Amino acid sequence: MTDTSRELGVGQVGYAFMGAAHSQAWRTAPSFFPLPLTPRLRALCGRDVGAAQAVADRFGWESVESDWRALIARDDIDLVDICTPGNTHAEIAVAALRAGKHVLCEKPLANTVEEAELMADAAAEAATQGVYAMVGFTYRRTPALSFARRLVADGRLGTIRHVRAQYLQDWLTDPDVPLSWRLDKSLAGSGALGDIGAHVVDAAQYVTGSAITSVSGVLRTFVDSRPVAGDHSTLGGSGSADAERGPVTVDDAAAFTASFANGALGVFEATRFATGRKNAMRLEISGSDGALAFDFEEMNLLQVYDATEPAETAGFRRIVVTEPTHPYTGAWWPPGHGLGYEHGFTHQVVDLVDAIAAGEQPRPSFADGLSVQRVLAAVETSAEDDSRRHTVPQDARTAEGPHAGQEGDPT
Amino acid sequence: MTDTSRELGVGQVGYAFMGAAHSQAWRTAPSFFPLPLTPRLRALCGRDVGAAQAVADRFGWESVESDWRALIARDDIDLVDICTPGNTHAEIAVAALRAGKHVLCEKPLANTVEEAELMADAAAEAATQGVYAMVGFTYRRTPALSFARRLVADGRLGTIRHVRAQYLQDWLTDPDVPLSWRLDKSLAGSGALGDIGAHVVDAAQYVTGSAITSVSGVLRTFVDSRPVAGDHSTLGGSGSADAERGPVTVDDAAAFTASFANGALGVFEATRFATGRKNAMRLEISGSDGALAFDFEEMNLLQVYDATEPAETAGFRRIVVTEPTHPYTGAWWPPGHGLGYEHGFTHQVVDLVDAIAAGEQPRPSFADGLSVQRVLAAVETSAEDDSRRHTVPQDARTAEGPHAGQEGDPT
Amino acid sequence: MTDTSRELGVGQVGYAFMGAAHSQAWRTAPSFFPLPLTPRLRALCGRDVGAAQAVADRFGWESVESDWRALIARDDIDLVDICTPGNTHAEIAVAALRAGKHVLCEKPLANTVEEAELMADAAAEAATQGVYAMVGFTYRRTPALSFARRLVADGRLGTIRHVRAQYLQDWLTDPDVPLSWRLDKSLAGSGALGDIGAHVVDAAQYVTGSAITSVSGVLRTFVDSRPVAGDHSTLGGSGSADAERGPVTVDDAAAFTASFANGALGVFEATRFATGRKNAMRLEISGSDGALAFDFEEMNLLQVYDATEPAETAGFRRIVVTEPTHPYTGAWWPPGHGLGYEHGFTHQVVDLVDAIAAGEQPRPSFADGLSVQRVLAAVETSAEDDSRRHTVPQDARTAEGPHAGQEGDPT
Amino acid sequence: MTDTSRELGVGQVGYAFMGAAHSQAWRTAPSFFPLPLTPRLRALCGRDVGAAQAVADRFGWESVESDWRALIARDDIDLVDICTPGNTHAEIAVAALRAGKHVLCEKPLANTVEEAELMADAAAEAATQGVYAMVGFTYRRTPALSFARRLVADGRLGTIRHVRAQYLQDWLTDPDVPLSWRLDKSLAGSGALGDIGAHVVDAAQYVTGSAITSVSGVLRTFVDSRPVAGDHSTLGGSGSADAERGPVTVDDAAAFTASFANGALGVFEATRFATGRKNAMRLEISGSDGALAFDFEEMNLLQVYDATEPAETAGFRRIVVTEPTHPYTGAWWPPGHGLGYEHGFTHQVVDLVDAIAAGEQPRPSFADGLSVQRVLAAVETSAEDDSRRHTVPQDARTAEGPHAGQEGDPT
């Protein structure tokens, strides 16, 4: 039985797409998982108080705040959940940690390596006081990927040789899709690289348990100007030929080869121009004893090849990752009754609350987020340097490696 | 904006697997969809009050009741949601309707045609007073199947010739899986036929908009005795050789051919012995102008073939049913970010509340449920009669046909 | 090394679609497989000598004949290969066998059970003299299906419970496809049932090693008249509204449930109206210990499920059936370099020549062909009798069961 | 009707794996396609005359030669087909062309750019005399890829943005697979890069009709020593721990990013360590108006996405490339009756003979082969230079671009 006498006061900053996903997760987690601390949805924070109040009403937040500083100052808030754009992460997260609040911060950790380093340092300092920080790479909590990591950690794939990772979307294929903050380098930091490339970098390091040590990359912007969204001369969603156009200052697509600490060769691609692919976050890993393949468009499946089988009966197994012994799935529905995108956020809450209650560092830590940030930065540097191979710095902050613990294991 | 001043008091009977799915749906629907009435989770009813209270706490039910009659008697209850086994449906539903409560009743509508007829009559009577009843064939609310129906209704498939429907599970493959109420005819009514066959019968009639008019069937029980679950000599989940065994009194598998009112030829199969298939609820429909194929194990996909294309470029299209214009999906996440099993229950709440508020008959109605029940009964009769073809009775109660309205259309 | 001193003189009757497939097979088999007898393409027989000569030139037949009786009479002919329509099979085959010629006869064995019985009797008689007959169910020689049979025979699937077999084509979907001999009952015997249904009946009995003992069926003709092909008022391939139309006298589609001698429940479907399916010959078999699935549209793949695996890592394996140890494939190309439709005919030649040289009965024998014919006849009888279940007669001719020997095993 | 009065005398050098594929193609092409010249299999050439004679007997070669110079000198030879390892190509091909013989040369064109340039020059010179040379990138003749090119050429994909190409095999995954000439740089030139990477480079340039202009690459040798195959202390195929081991001097895997002349971004990977992938030659191309995807493990299928469709019904279409209007397939079997690996070689013969008879340059020309060679060389140079981006030289020899003509179009 869950001990409901111990509560965890949650304050969330941001209420849009990610804000809804997080709200639903905070509310849903204790209904399906036995949690050592019961989340209380204390306050939702947004500059537009009216809009924040509407979302708060929809999800059951007890109050709203218009200033994140006020949120952090509240005594009934034990944890700050940051769902705002990347350029605001560092300031809020560091302040919250210094105020003794646990922090869950959406990815990417920050828009620059410098900010990410500050955040990782603040998190390391806070952890010495039992205050913990986590970054929101929720794809780790997809049961199939969590199970993939377990298979690799258990040695089922042997020595890892290849990592093939793609994150393919197509929402920018049309050159008249209007500008938005995601296409503005000053707000978003980068384009496909940081937004979705970050996910596959984290997933690849997480599943393999090995860090990327060098990269050779290329960035491409296929459509360098787009209609200004606020231009009132445009009607409809896709702009028009004579609409005012502004510059796209981020990459539309990124590709890079990578070396892993374990000797594997990685090939990565992130793009918003993969026509027909809606959210194809794909990972294929080959080892001396086996291989696995995943595509988020079929998120409840994992393809696994066992090379120790006789060749005659060996083949990629289409595993429906919904068994009671698979990560997370036993808490939900019977086998074959799949989960959706949002469940990863619920699992994230579960792992975070478990770690806080246990006094252990939740993963992915800010150090893990920093590690991803450094890979992205090295790709950008390489791309500006004729794709020359650049080393990804490793230091004490990220030295423990991405593997530790087994999130999502049935209890 | 949602008008939260009007509320709908909900009382739910049953709190196990289906009870959890319904609870989550009642709570989640208003967070993602604008509802004309706001559900209030007034009371959860279960004979074991302690267990009911625990579930009520997890999902936010305001109170518990131990007797469904007391639940029905409460003034703050506007709707009764029945999640108990099939042998209890008729009594509770009829009583609730007569007490002026709207009813949502889990499938199958009842364990016998006679009970189903009583229920359909009670529902028809209640509807004249603006009190509505609905049966819980939630697979209709899978966006891909709802979209499939729209394509058929829009004539995209032309004249329908073939319906190929399968519901494949494998949880009884092991002969030492113990007995449970689902294997007892007196409680469950039938086996695979009524439990999962009912779903594909409803889905087939729903998507095609055409009723099954005759069937020729066969039932099979592959393992006719199983360990008694409560036998304390057994350790672990799968019994043992010397455990006491009791009789299986329902079908393990059912198969039948069917004629549809529109002239189509149907082939149906429902089984719990389809080794390796976890929840493969599959539908393939062929028409003169196109075809479609669905498998719930990949529930966010629909395969659609357009025969009016030149042969050279025609092929089954793998449509990722997550676009804003697809049924229900616009309320959730961006394209490619799929939904899971439980979302069908949330969509069911949405459609039910919309219909109640509009004073319209929600679908599937009890008459629709009766129509399914008659098909199942005809299959059983045919199976006992050397598979001879038997007519499925149609009458005024089911005369309007399964097609009406377009659930899940974006508003 | 192949001993080329011993030759097998081949005479082939028929030179159209099947004639080309057989010609290519006779010529190709000795190039890739070590054969104990070297086929000599002695004579091609066709009523239109000019057309036959053209095909003979293309494939290297040494001569042509216009009368099959003359062909049979030739001393240099050891084997007669019959590629003509079904209504001619019995007369030619029986005459050839009585003349001491081995016979390969295209499927279906005959258009009626009576003819098939005559043929089986003639074959049994001939076999006592070392003269052998074989019927051309070439799909058996698809490596994936041959491998499937081996898995079942080796007990890898345990007790068989389900057989799900479909043969889906769509070339009649358009109601203006003109009439042809295949739509004329007097020539073709039946429609989809005999043409393609026969293939899945044979494949199901072959792979499971178990005979179908009873069936309950339904036939359907969706389009009962079609343009007369020779009508010169029509332009283009699909007729026109005002073209003369003649009656379709065979089934467009057939469906039936079946009981197998081993207790399995079968569901069969054969149709030429499965819009979008070009040649989807599908077989899915479930047993207590495993399952397999096949679709000829991906003929080099076999999906295999091993239920003895832990549930966590169990899944249908996508086996690329091109390994050296798979049936037939070692004689061709490296792994992953797939075969095509025509290779089944080459394998058929190989198995036939091996059996003849070894003095053993090649399979599928005429008795096997008769067994299929009886299933088809029982389906027709059942369909005319309100789908009532009808027994498929078994007798001494078919008593040995479909399983014997292991065609395609590497030598 | 085929005019058989005009013949083309063929002499083939080499009789192993590729030799068998070519022999079968030369013999089969005129049986299924109307050819303007009839190939005569005049002579098979191999240093081991006995082995050559055995293969000649199997495929119907009229004679054998032990010295390719003698072959070239024969008056009855019009065309020399070179199936030997890459290090011998230049000498034989140049000599044959200078002797006035047409040449078909297996890929890769040569082991070095210098040799390839010599060959392209010799071919250009010969072409002025009506003597033609072609290089054997047979994957172009897979109907699905030929059809893919037609779709791109017809503008169906719009502006090409992404090319994602992989050639994945796994036969070196086991570190005890013994050494062979393919792992010896002096004979093979390179490893996965030249052997299979060459195929995807050619296919990508062919399908897109655009040349690769720069690359940034990395090579990897995962297992740097292997058992010496001839070591008689080893028994069985996979060596043993104490067997003598020799160095692997080529790459096990290659990866590179690429820029195309049309602005597309390419990501390429070729490896013999992709565990579980037997012959996964994959190509995915994204454009502004559509996309396509191909995997040779399902060679009869092409996935095509049409972005001009409404989003609601858009999806990758699984086209079964076996229609009469698809490239090459009309000459074979009915729709859905797929082809295999070897058919590409037959199509190659058809296109070559058609071009020779028409007095036109067959494609891929030696210039096309040189273009591929330069890409491979640039990848190697980049890999040795810290993956820095290197330009792929373009000159007059390759200036016309890879697109010209429409091989495989139905006639």
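Just so it is clear, A, B, C and D label the chains in written order, and each chain counts residues from 1 on its own.
By definition in this document, contacts are C-beta pairs under 8 Å (C-beta built on N, C-alpha and C of every residue); 3 or more make two chains touch, one makes a residue touch a chain.
A quick map from chain label to UniProt name: A, B, C, D = Gfo/Idh/MocA family oxidoreductase.
In this text the structure is predicted, and so the values were computed from the model without any measurement.
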So which one's got more C-beta contacts, A-D or A-C? A-D
What's the chain with its C-alpha centre farthest out from chain C? A
Counting only Cα atoms for the centres, state how far chain A is from chain D in Å. 41
Cα centroid separation between chain A and chain B, in whole Å? 35
Just curious, how far off is chain C from chain A if you go by their C-alpha centres, in Å? 54
Residues of chain B that touch two or more other chains: which are they? 277, 314-316, 320, 335
Considering only the defined contacts, which chain A positions touch chain B in the complex? 1, 4, 17, 20-21, 23-24, 27-28, 30-32, 54, 57-59, 169, 171, 277-280, 296-301, 320, 322, 332-343
Flag every residue of chain B that touches chain D in the complex, lowest number first. 147, 151, 302-304, 306, 310-320, 323, 325-326, 335
Looking at the complex, which residues from chain B come into contact with chain C? 157, 161-162, 164, 166, 170, 173-175, 216-218, 220, 222, 253, 255-257, 259, 263, 265, 267, 269, 271, 273-277, 286-291, 305, 307, 314-316, 382, 386-389
